[in-house]
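Down below are the structures I want you to see.
One chain, chain A, links the two complexes that follow: it is found with chain B in the first and with chain C in the second.
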Partner chain A sequence: MMRNDPIKHVFIWPAVLVVLAISIFPLIYSLTTSFLSYRLIPPIPPRVVWLGNYVTLLQEPRFWNALFTTTLIALIAVGLQYAIGFGVALALNARVPGERLFRVALLLPMLLAPVAVALVARMIFNPTMGPLNQFLAKFGLANLPFLTNGHWALACIIAVEVWQWTPFIILMMLAGLQTLPEDVYEAAELENASAWQQFWGITFPMMLPISAAVVFIRLIESYKIMDTVFVMTGGGPGVDTETLTLFAYQEGFKKFNLGYTSALSFLFLIAITIIGVTYLALLRPHLEKRR
Partner chain B sequence: MSGQGLTGLSPWSRRLVALGVLAWCLITVFPLYWVVVTAFKTPPGVVGGPTYIPFVDFTPTLQPFIDLYQGIRGEFFHTFLNSTIVGLSAAAIATTIGAMAAYALVRFEFKVRLGAGLMFFLLALGGYLLFNATLGLTRPQALLLAFPIALIAAIVANRLPLPGPILGNEDILFWFVSQRMFPPIVTAFALYLLYSEIGRLGFQLIDSFVGLTLCYVAFSLPIVVWLMRDFFEAIPIEVEEAAMVDNVPSWRIFIGIVVPMSMNGLLATFMITLAFVWNEFLFALFLTNSRWQTLPILVAGQNSQRGDEWWAISAAALVAIVPMMIMAGLLSRMMRSGLLLGAIK
Partner chain C sequence: MLRRTFLMLTTSLAIAGAASQANAACSPDYTGVTLTVASQTGPYIASALKLGADEWAKKTCGKVNVVEFPWSELYPKIATSLTASDATFDLVSFAPAWLPDFVPYLSEMPKEMQSGKDWDDIEPAYRERLMVWEGKIYSQSMDGDVHTYTYRTDLFSDPKEKDAFKAKYGYDLAPPKTWKQYLDIAEFFQRPDKGLWGTAEAFRRGGQQFWFFFSHAAAYTNNPNYPGAMFFDPETMDAQINNPGWVKGLEEYIRASKLGPPNALNFSFGEVNAAVAGGQVAESIGWGDTGVIAADPKQSKISGKVGSAMLPGSDEIWNAKSKKWDKFPSVLPGPFMAFGGWQIAVPKAGKNQQAAWDFVKTLTSPDVSGQAAITGGSGVNPYRKSHTANLQLWSKIFTPEEAKEYLGAQSDSINAKNVALDMRLPGYFSYTEVVEIELGKALAGQTTPQAALDAMAKEWNRLTDEFGRAKQLAAYRAAMGLPPKN
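For the complex of A and B:
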């Protein structure tokens, strides 16, 4: 039952006002700035260039590189997170021995500051003094260029992302698994369905809506990746691991090229929206068929 | 709820699965163990190659922490306080007003015309351009003026029979949550410029408690509203209806009945928000310099300042990590199966 009481405005307005103020102000501000040629250093008075910034950006290979790098990190990292996370959640849900011990430890990484995690990762990936190097040296793979070679650095960043955010998938999938009705499995048991058949025939389809939501959240969040890269490689070597947010930060905060950065952040917003809408459009038929 | 999905497996495959989980667990725990151990190492214990077990491999020392406390590696104590103050107040404010909004969305009916919403945006944009370009006001002045005008006009317009669809509670909720999709760099950069222009008018927001907290509150609200709505929906409405029969006003129903009944959810939301604010990097990077610097910024700075002084880096990372470890312990106790369930539906 919905009540209708004037006091509802007192309840909802504080939150709406704060979010409006912090989201609309910057939106209008950067939208208008993105049509200007506007630098703080050296100070040039703003000049209207309309879509000039956007055109420059779209012709800038560094922008496409950053977009590609970010997409690569997001897709691979989220894919791995989902595969590992779903697997671990299934195992935990099946009451694997020692399951209670695992729970706290498994959830820890997602609550830790990405900056601190990246610092620890730098130590572990150190090519001469790190423990990973010592471990791999036993297999004859000493002194790999973990953070100084573009491909390796990308792989390391993805590894850290997977390490930190798989717990989120485990948590959500575990919560989802616990809502599945038991009788379906009992029926499958009577039919002598194998564990493999049960998974693909029952568990996976029933978990699809939750999976879609969880992957969506992680995908969007992964596109914002900045702190991990900032500490681990700083975008280097060269610009091999530069993500969109880092690129925008370099342009805006180091060069104070305001119009350009605003245009960049708007392109970022458009890219995220396109990705989000495409993802939802691709998944919608699958989700509705199951219901 | 036993053995779903694994019932058909032989004992051997069960052992294999357990082994896999154990392997993942080791991967999860090892870096944490490493940072704890490294924080107690002396310089020789680091430079001589990886060492793992205290007292056997190396002699532990408290020196890194003493250095930290004495401020040799930056104002750690001060920054820790900053993080705590900003984190606690932003989480408290966000949880309070977010819970209120969530309650309103669950129990009251709202109708917003799409036309009024669009009008708000266009008026704010147009008003800003008008005030800034033609009347020669500074940008923040123009924004601050255009915002209330657009808001009032939109509220009035909402009462008029405008054509176009009418948005309900679900749409308002979606609007809240969709704010999360926004790349923070868009906001952070614009907010930095806006804050510094407001600063030039004499009201300092950059590197201030108010500026940072306000921004964190706004960015936590979507999560708070989303989580709290599910907790409130789980509360049986009969209790509230009984109170309404006795003519108890709505705000007393909220504070006296609803809040106590959803204390667990409020606490969990508060902690999740606190963790988010505590770990946040990008906004703090843009909006603080020295006085209100938070831990992530200081910790990230350790990297460039001290190349291979791992003992110091580890101790710094630990300072940022340990409070959240304690919280993870508390949170996992509360997260009995059902707690986050509603959130994902």
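For the complex of A and C:
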């Protein structure tokens, strides 16, 4: 086929149109809406406010609180997921007895719907009827305010996130570990390198590229946390556990404040982009060293 | 040939006769019609809709499909469908407070449904106030909602408890007339070591929390000398939620949260009912479901020991006009029509409007709704005169004494001269969201009651300006049953 054969248009344009229709146009529409004061309920005719929604949002303590809460959940949850996940993957890679059973059992949480997990968690953390407080009461401990105190509620959400998504890290890290060359370890053994030295000198550096990718995926996903928080605390008490997506949901689908919600979504996009770019920039020197 | 023709004619007549007989059983005949109703997740309300659906199916041969959504999802689902003018739902069940937002998309109730014996049987508080928007009827009440007081008669009639209470507080142990007495009683029965706590109310964000707070505040803010000024000044539309009456209501609501079971802050109305029926608390406030569930031996440990009364009140009420406390010669009870009872309406975009209104007629008929009202967990509370007048109906679940108190509390509250109406305003969720957030902070001790209420008032005034003060004022006056302002 010649490079200038017009047939190429038949193949390219449908794909371009589909991408435009499902991705670019909604984005442009949303960006346009973010410059409007536009409410569906009560119906108020759209009015151009240019950067008004963005300025209001940046002056809104609730936005900063949501950004801080989301960041806190994402950083702590992903940090724990990585540490635990890598540890478990190393154990599984060492071919412990019953490794296959562990592998299947450990993957189960990831296969459950987050809403279902959050519902179960809400029951477990129920202050009066929940098994956790009943268990603690057996040892004479006072009922803990799991979901009614801001700090406890955040800790519970992080615990659920870690429980559900650590298996993803285990899966990815285990796959990575199984591709590592055996001869490097054999050489290290000959040099009498301890297990600890082997880990820091060989395993960790060689796993760095996959670690970077896995943490990046989880970090972005964690910033989008919604269902777990919605079911477990609804963002409360007050706004102590309100995340950016939940804030956007409240504004968009409870108050139908479309202009404001669009601006919020774009600020969210900007925040995630900054975090992603910073993360990759910080890791780049280490990754380039590996090449 | 003649014989064959005769045979065919006879067969045709027989088939036609059978068909007309079948159709006669369906009156009016809605064979092949399937109505879709949006409801909150059952059993509350959804089970009542299903009960009505079964009756309607028997009568008309039509079908009703009840689609359930969690409470917090119901408003967005209905609002999205209505604003898009799609025909997803033939009927929508919702809170009266949402009516102002939905009115532009609803069809008016047929005139023939607005008269007759069944129509007159609806309590005037619903028929003449909550079902009306700008002089027109767009929805039908399918549930009556007013907050009342529930208590354990076994504790209140125990001579030892009575003596101890009188010795401590200097007055008789009885259903409270004031909120101070309510808190005294809660404090008196607060005995965690015996698995008994003072009171149970909803305090959880998204768990019907703010209606319980409104019930406390109604006693101090719904002033008969300046009607309709509980939430906003009906002359200026300035928010009133931070006036001294509201502050007192919030302080007492916070105090009540400390006299409940552990972590009562996580209670929604469901947990309140569980605590009452489980015999964990001495008293409680809430909707009529509490009494019905607590009386049901299958669901309750205190059946046969359930007392009911009107909400406590006050002899001092804040006057939003004079900005002073008005003193009254005696305590005025403070009933509050919290939520105001579920309503059902027919969207304009619906394709089966006639059938849909016919279903509403069956669902809300005295017989079907009466059956729902006495079914624990249906979520339907009395809203017809016949519901509270028919003691025989209630004898299935209550003892005669329980029935008398329960029905008396319901009827007296709805028909009280000073009954406070719930807020109904366009942009309702925007107004209540800030209430929920600030209540959460105040209950957790992160802010003072005054500061929390000031934040609510500031946001309410900002929202009113954003939505259009004149438009909101007109809507608020209509909701409070006040004439339009010239």
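By definition in this document, the second predicted complex is superposed on the first by the 268 of 291 C-alpha atoms of A that agree within 3 Å, B and C clash if a C-alpha of one lies under 4 Å from a C-alpha of the other, contacts with A are read in each partner's own complex, and residues count from 1 in each chain.
Operating definition for what follows: a residue touches a chain if its C-beta (ideal position, glycine included) is under 8 Å from a C-beta of that chain, and two chains touch if they have at least 3 such contacts.
Keep in mind that this is a model prediction, so the values were computed, not measured.
A.B. asks: Based on the superposed arrangement, let me know which partner A:M123 touches: chain B (first), chain C (second), both, or neither?
C.D. replies: first
A.B. asks: Who does A:F253 touch here: chain B (first), chain C (second), both, or neither?
C.D. replies: The answer is both, since A:F253 touches chain B and chain C.
A.B. asks: Is A:P43 contacted by the first partner chain B, the second partner chain C, both or neither?
C.D. replies: second
A.B. asks: Tell me the contact category for A:I270 with respect to chain B and chain C: first, second, both or neither.
C.D. replies: It touches nothing on chain B or chain C.
A.B. asks: If you stack the two complexes on chain A, which partner ends up touching A:G150: first (chain B), second (chain C), both, or neither?
C.D. replies: Second partner only, chain C.
A.B. asks: I'd like to know which partner A:V55 touches here: chain B for first, chain C for second, both or neither.
C.D. replies: Neither partner.
A.B. asks: Who contacts more of chain A, chain B or chain C?
C.D. replies: Looking at chain B versus chain C, the one contacting more residues of chain A is B.
A.B. asks: Please write out, lowest number first, the residues of chain A touched by both chain B and chain C across the two complexes.
C.D. replies: 126, 129, 133, 253
A.B. asks: Can you list the residues on chain C that touch chain A in the complex?
C.D. replies: On the chain C side, the touching residues are 72, 75-76, 79-80, 83, 100-101, 104, 204-206, 261-263, 265-266, 271, 274-275, 426-427, 429-430, 433, 436-438, 440-441, 443-444, 446, 466-468, 471.
A.B. asks: So in the complex, the part of chain A that touches chain C is made up of which residues?
C.D. replies: Answer in residue numbers: 39-44, 62, 126-129, 133, 142-143, 145-150, 233-240, 250, 253-257.
A.B. asks: Can you name the residues of chain A that touch chain B in the complex?
C.D. replies: 1-5, 7-8, 10-12, 14-16, 18-33, 84, 87-88, 90-99, 102-109, 111-124, 126, 129-131, 133-134, 163, 166-167, 171-172, 175-180, 182, 185, 189, 193-196, 198-199, 203, 210, 213-214, 220, 223-224, 226-227, 230-231, 244-245, 248-249, 252-253, 258, 261-262, 265-266, 268-269, 272-273, 276
A.B. asks: Chain A touches which residues of chain B in the complex?
C.D. replies: Touch list, chain B to chain A: 1-9, 13-14, 17-18, 20-22, 24-25, 27-32, 34-35, 38, 46-47, 49-50, 52, 97-98, 100-101, 103-105, 107-110, 121, 124-125, 128-129, 139, 143, 147, 151, 172, 176, 179-187, 189-194, 214-215, 217-219, 221-222, 225, 237, 241, 244, 249-251, 254, 275, 278-279, 281-282, 285-286, 295-296, 299-300, 302-303, 308, 310, 313-314, 316-318, 320-321, 324-325, 327-329, 331-332, 335, 337-341, 344-345.
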